[in-house]
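Have a look at these structures, which come just after this line.
Okay, so chain A shows up in both of these, paired with chain B first and chain C after.
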Partner chain A sequence: MTSSAVREAGVAAPAAAPAPPAGRGRRRGRSDLGWALVFVLPLFAGIALFYLWPIVRNLWFSFTEWGPFGDSEWVGLDNYIELAGDATMGRAILNTLGYTAMLLCGVPLAIYFASLLNRPGLRFANLFRTAFFLPYVAMPAAISMVWRIIYNGDFGILNYALSLIGIDGPSWLSTEGVALVAVALVGIWISLGFNLIILSAGMKGIPVELYEAASLDGATRWKQFTTITVPLLTPSIFFVSVMTVIAGFQVFDLLYALMGTQNPAIDKTQSVVYYFFTNIKTGDNGYAAAIGVVILLLVGIFTLLQFRLQKKWVTYV
Partner chain B sequence: MRRTALLAGVAATALLLTACSSNDGGSTSTADKDMTAEINYAFWDATQEAAIDTIIAEFNEEYPNITVKKDVTPYSEFFGKLQTQASSDTLPDVFWMNGPNFQLYASNDKLEPVTDAVDPANYPQALNDLYSFDGTQYGVPKDYDTVAVFYNKALFDQAGVEYPTEGWTWDEFHEKAKAISDALKADGVYGTVNGLSGGQEVYYNTILQAGGEVISADSTTSGYDSPEAIEGLQFVADLIADGSAPTLQQLSDTPQNVWFVNGKSAMFWSGTWSNAELRESAIVDDIEVAPLPKNEQEATVIHGLANVVAKSSKNKAAALAFQEFLASERAAVIQAEAGAALPAYTGTQTAFIESAPYNLQVFLDEAENSSFPYPVSKNTAAWNQLENELLPAAFSGERPVADVAKELAEKMNEALAEENE
Partner chain C sequence: MSKRRVGARESNTIAYVVLTIGSVVMIFPFAWQLIMSLGTNADVISVPPSFWPSEFKPENYLNVFDRVPFLSQFWVSVGITVIRTVGQLVLCSMAGYAFARMYFPFKGVVLALILAILMVPPQVYLLPQYQIIQGLGWLNTVIGIAAPGIFSAFGTFMMRQFFMGLPPELEEAARLDGANQFQIFWKIMLPLAKPGLSALAIITVLWSWNDLLWPLIVATSAESMPLSAGIATLTSGRTITDYPMLLAAAMMAMAPVLILFLIMQRRVIDGVAFSGLK
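Right, the complex of A and B next:
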């Protein structure tokens, strides 16, 4: 939506420069463009001020080094050179990719649940929808408090349940290797609600006649699901996947709220954005800005890749 | 020289501001009691909020037109936020300061010196020194804390272990901790619990007890690579290794105070700041206090907070007036009665000692007889971060303690060299 608005504004700019035309029929189109511009400008100004300008500033900051109280000096590519040899950053990128991959596993899950929820004649459908959506609108900090109690190694409900079947569970959130999976499970659980809404809406758009025809031809429910629902749902699936990847790359709040800063496993589990905040906290703002640029590039590359690949699997009716 | 010019500038600006707003007082601190202003007071410990409310109420009896707004930020966020505020000259008018951060703010000219109305003779010299930079004092000592061992008598009885005695040693401490862990394993109770996310509660003390030091007296070299410091760290690692204390993972899931308050640990090394929580806890009747065990010597670090005024404060007269009130004997007594902190004002500690049924006198005795200054330098945060990054591997047994200590000393020396350039 935004990008088309921007494009339109860009095209319209030269045309709008002269004084507003005096409303002759032939010039009507131009006049509309002028009005469009008037309506788009406030939005564009907001985007420019709160999204584009910070990106430019961030890029600028990534070439500087900061003193403790805001005084900065130009250091050229120093931050990027340091970043290239930073093992912690490498690890953070791997963690972020791992987290995103796990988060993507939530998409098939969401498709499955969405199809269950869309079964005609399902009772309490609204109740289920609310239950699934609730985690998405609840505050991450509040959710994290609850999950911290569930995951607690000594006194948590999860390990208590495991102990009943004779398993001695680890400290889920403070053991290297385990922690990232534990956090991702919460991430999937939270994102499920959002994904469900999008996918449910997509399913509603699939004509009922197709299913009727299919059942007349003797197709099973599963066959209908794989040959009608999924292919026709691909635009929604594509959208959900793109959003999931972006969210995955930006994971910070869950890691921070679930694991905390004093966690012995945090160094080996942190995401790129978490590493960004660590550097902000220690006053290395320039270095943090360089990490920010890397995040931007990563998200950009992966989103572009997804858009390229969509031609291979997304069916637009 | 430059500072004088700057001060003159500030004074001129203040005058200008006074000229514009009719109801503001002068720029001197012991100003008229009718001045109208709104100031912010930033601090991090929510358990002290009740005492601070009382202090503000009494301050308002003297200065009815100064509104003091509280700004509570958890400790983990406090100094990050403060640094951002300092960068944009929007610091709170009055705020808490601690030892590790003080010199950074003082050396960058962010703080206002205390006024003549504050008499340093009312506070321990060690704390006046902690909050002085280049011969000028910037902070009014608020409280101080030493570290001792809180223990749970009921758990000792249950495990059949004798209570600690005066002058006990590391070996005795370790034996008791191990015995309790072994005896009460079925209940998930540990002998002791160690807060390891900073040095003050445990490992700064053990390093000193072993005869080592964290940083040299002139703050130029690290003491971590000395055999004594390594011995002090090893002691902590040994407690975890043989199950006398919970692991770092367990501590991350459940913080040290929670272990102790819920009767899951028989001993707990902590400072006076824990009193507010412990005296309200369910196990209050079982708690007793013992001095820290000794090795080569008896030792505890002593640290205290201070109230400081921002140089950039727009209501400096009001801010300084509030700081003066915080420096008063009355404010110290209010704080002591609330049991929130051991006040730094000499002679006001009795109310704090009496604020709990267990023996808080231990903390005072330690302060007098066996306390060592809290280790700081110009940029303490830089090597505090190194401690937090490197030491966990030593405590968990992942790497030999001596290797970690040597690496830490090396990196810390680099950081110290950098700050003294």
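Right, the complex of A and C next:
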């Protein structure tokens, strides 16, 4: 998860979990209702209060408009109609999609690094793994501080490095169009470790015999990579891609921490979640609620799309 | 034959080179932040960039305590992390066990309702959650920030998957010995569930410590914010002047989790991989 909230949301992938068969009927007629209440009720009460009920309530809110004193009035579809014509929202959706697309570019990179890490006989693999994983555990708000300095237009290290090869770099985080790329690079830097670990675990599951046979047939490493590793890894690649899309749609922490609220480019760079946050902060709760519903629809559509498309490229053995 | 072996060794050399460059890119921001947090403002903004302080100023770290309510923010972070982690371990393991091993009416419906939350982005329930916390009078309190995160659909799902993978024979044997459900859970299943529990704990600690959006909404006063929100608001609004002090503050904010990770890196990585695969 880039962000931590993102991470929590990002784990919405029960798809990867093979559900073992329920042991129903093992003991016919037995019901543990009494114990089940003790075991499940505390959790379910919290889930119902803090999640299920709010989801319903948010839907209601999205049809209301809020006054300055917390009073609300039913306005029907007004918020949605306004959203449909809201250029800022349109821009925020495009930014979110663009950001997610850039984040997805980190997946092939992770596959490549994972394949290097899984080389037989490679030493210090654990050390490399730790290094790659470090950004994933770091607090986004805190590590953004140093990235702001690296990206600084006047004294940043990045522009200094570019100047050495004769390029005059921009002020990365306050230039429209450039800022989103700069944020996405940090997003990739953070998520690489997570993707690497998942993909690396997937690679460990590929039988060594396949490589041995291929190598006896004279297949090069690259050939083995493209004909054995990648096809057999598609379930893990799919899982990582779904997680990346969910994380991409949730981008907030990095935008907030890297760019700041006073940044002249933030209006043109913000994501849908950022726009949601601004509306909450200005008290436009009904509008924010409608944005929440739109995010839900977007995530739903793209997750569905990915599951549809997976049939075309994911190989399950 | 020998040619092939040479070839293999050569490409492993390339692997070392690429992995080393990758690792340096990964670690560089941390290292540079640590070094510059001990330097002067002139060091940070110097062109060409400096990679060593012209003068060591460890007092940057002390200045943080004067400029930011760092200690109270630290305790807020610790509080919400502990409350959420302990809460999730207790509630999710119990519910997960019940969903994996007990039989009761509407089990499937209840589980489906919980799992449905995994599909819903946080923004959909954030605003009503805020109202509930407000209604309870918990705005700007540790329990208010921690509360919704105590109840985790993901944790429940993960623990359920884990318990389903454990052999039912153990449980049957205990039942024959006259143990009740709670004794079976507490004495037999829970000790076996340690890998699952530690993975859940790791995920929850990471997510709680670094969480930003929700604390920014629930906590408005600087003293009641966790470190994540404290650091973010410190740097987001005004123009930054004292870079080394800010770098020191950011360093201290992420240090507890980084140190924990470096000590238990194997476990953390396995835990995260586990949570992704289960």
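By definition in this document, the second predicted complex is superposed on the first by the 266 of 317 C-alpha atoms of A that agree within 3 Å, B and C clash if a C-alpha of one lies under 4 Å from a C-alpha of the other, contacts with A are read in each partner's own complex, and residues count from 1 in each chain.
The definition used in the following text is that a residue touches a chain if its C-beta (ideal position, glycine included) is under 8 Å from a C-beta of that chain, and two chains touch if they have at least 3 such contacts.
A quick note: this is a predicted structure, and the numbers were derived from the prediction, not measured.
**Student:** Pick one for A:A138: touches chain B only (first), chain C only (second), both, or neither.
**Tutor:** The second partner, chain C, only.
**Student:** Give one of first, second, both or neither to describe whether A:Q262 is in contact with chain B, with chain C, with both, or with none.
**Tutor:** Touch status of A:Q262: both partners.
**Student:** A:L52 in the overlay: touching chain B, chain C, both, or neither? Say first, second, both or neither.
**Tutor:** So A:L52 only meets chain C here.
**Student:** Please indicate which partner A:I197 is in contact with in the superposed arrangement: first for chain B, second for chain C, both, or neither.
**Tutor:** In the superposed model, A:I197 contacts chain C only, not chain B.
**Student:** Have a look at where A:F69 lands relative to chain B and chain C in the superposition and call it first, second, both or neither.
**Tutor:** first
**Student:** Check the contacts made with chain A and report whether chain B or chain C touches more of its residues.
**Tutor:** Of the two chains, more chain A residues are contacted by C.
**Student:** Touch test for A:G153: chain B only (first), chain C only (second), both, or neither?
**Tutor:** After superposition on chain A, A:G153 lies in contact with chain B alone.
**Student:** A:E212 contacts which: chain B (first), chain C (second), both, neither?
**Tutor:** Neither partner.
**Student:** Which partner chains sit in contact with A:S171 here, chain B, chain C, both or neither? Use first/second/both/neither.
**Tutor:** first
**Student:** Just which bits of chain A does chain B share with chain C as contact spots?
**Tutor:** 148, 152, 154-156, 260-262, 280
**Student:** Per the contact definition, I'd like the list of chain A residues that touch chain C in the complex.
**Tutor:** Per the stated touch rule, the residues are 3-5, 7-9, 11-14, 16-17, 19-20, 23-24, 26-27, 30-33, 35-40, 42-44, 46-47, 49-55, 57-58, 61, 113, 116-117, 119, 121-122, 126-150, 152, 154-157, 160, 189, 192-194, 197-198, 200-201, 221, 239, 243, 249-250, 252-253, 256-257, 260-262, 273, 276-277, 280, 285, 288-289, 291-293, 295-296, 299-300, 303.
**Student:** Tell me, which parts of chain C touch chain A in their complex?
**Tutor:** 11-12, 15-16, 18-20, 22-23, 25-27, 29-30, 32-33, 36, 44-49, 91-92, 94-95, 97-99, 101-105, 107, 110, 113-115, 117-132, 147-154, 156-157, 161, 164-165, 168, 180-182, 185, 203, 206-214, 216-217, 227-229, 231-232, 235-238, 240, 243, 246-247, 250-251, 253-254, 257-258, 261-262, 265-266, 268-269, 272-273, 275-278
**Student:** Name, in rising order, each residue of chain A that touches chain B in their complex.
**Tutor:** 68-70, 148, 151-156, 170-171, 173-175, 259-265, 267, 280-283
**Student:** In the complex formed with chain A, which residues of chain B make contact?
**Tutor:** 76, 80, 83, 86-88, 104, 108, 110, 188, 197, 246-250, 252-254, 264, 379, 381, 385, 388-389, 392, 396
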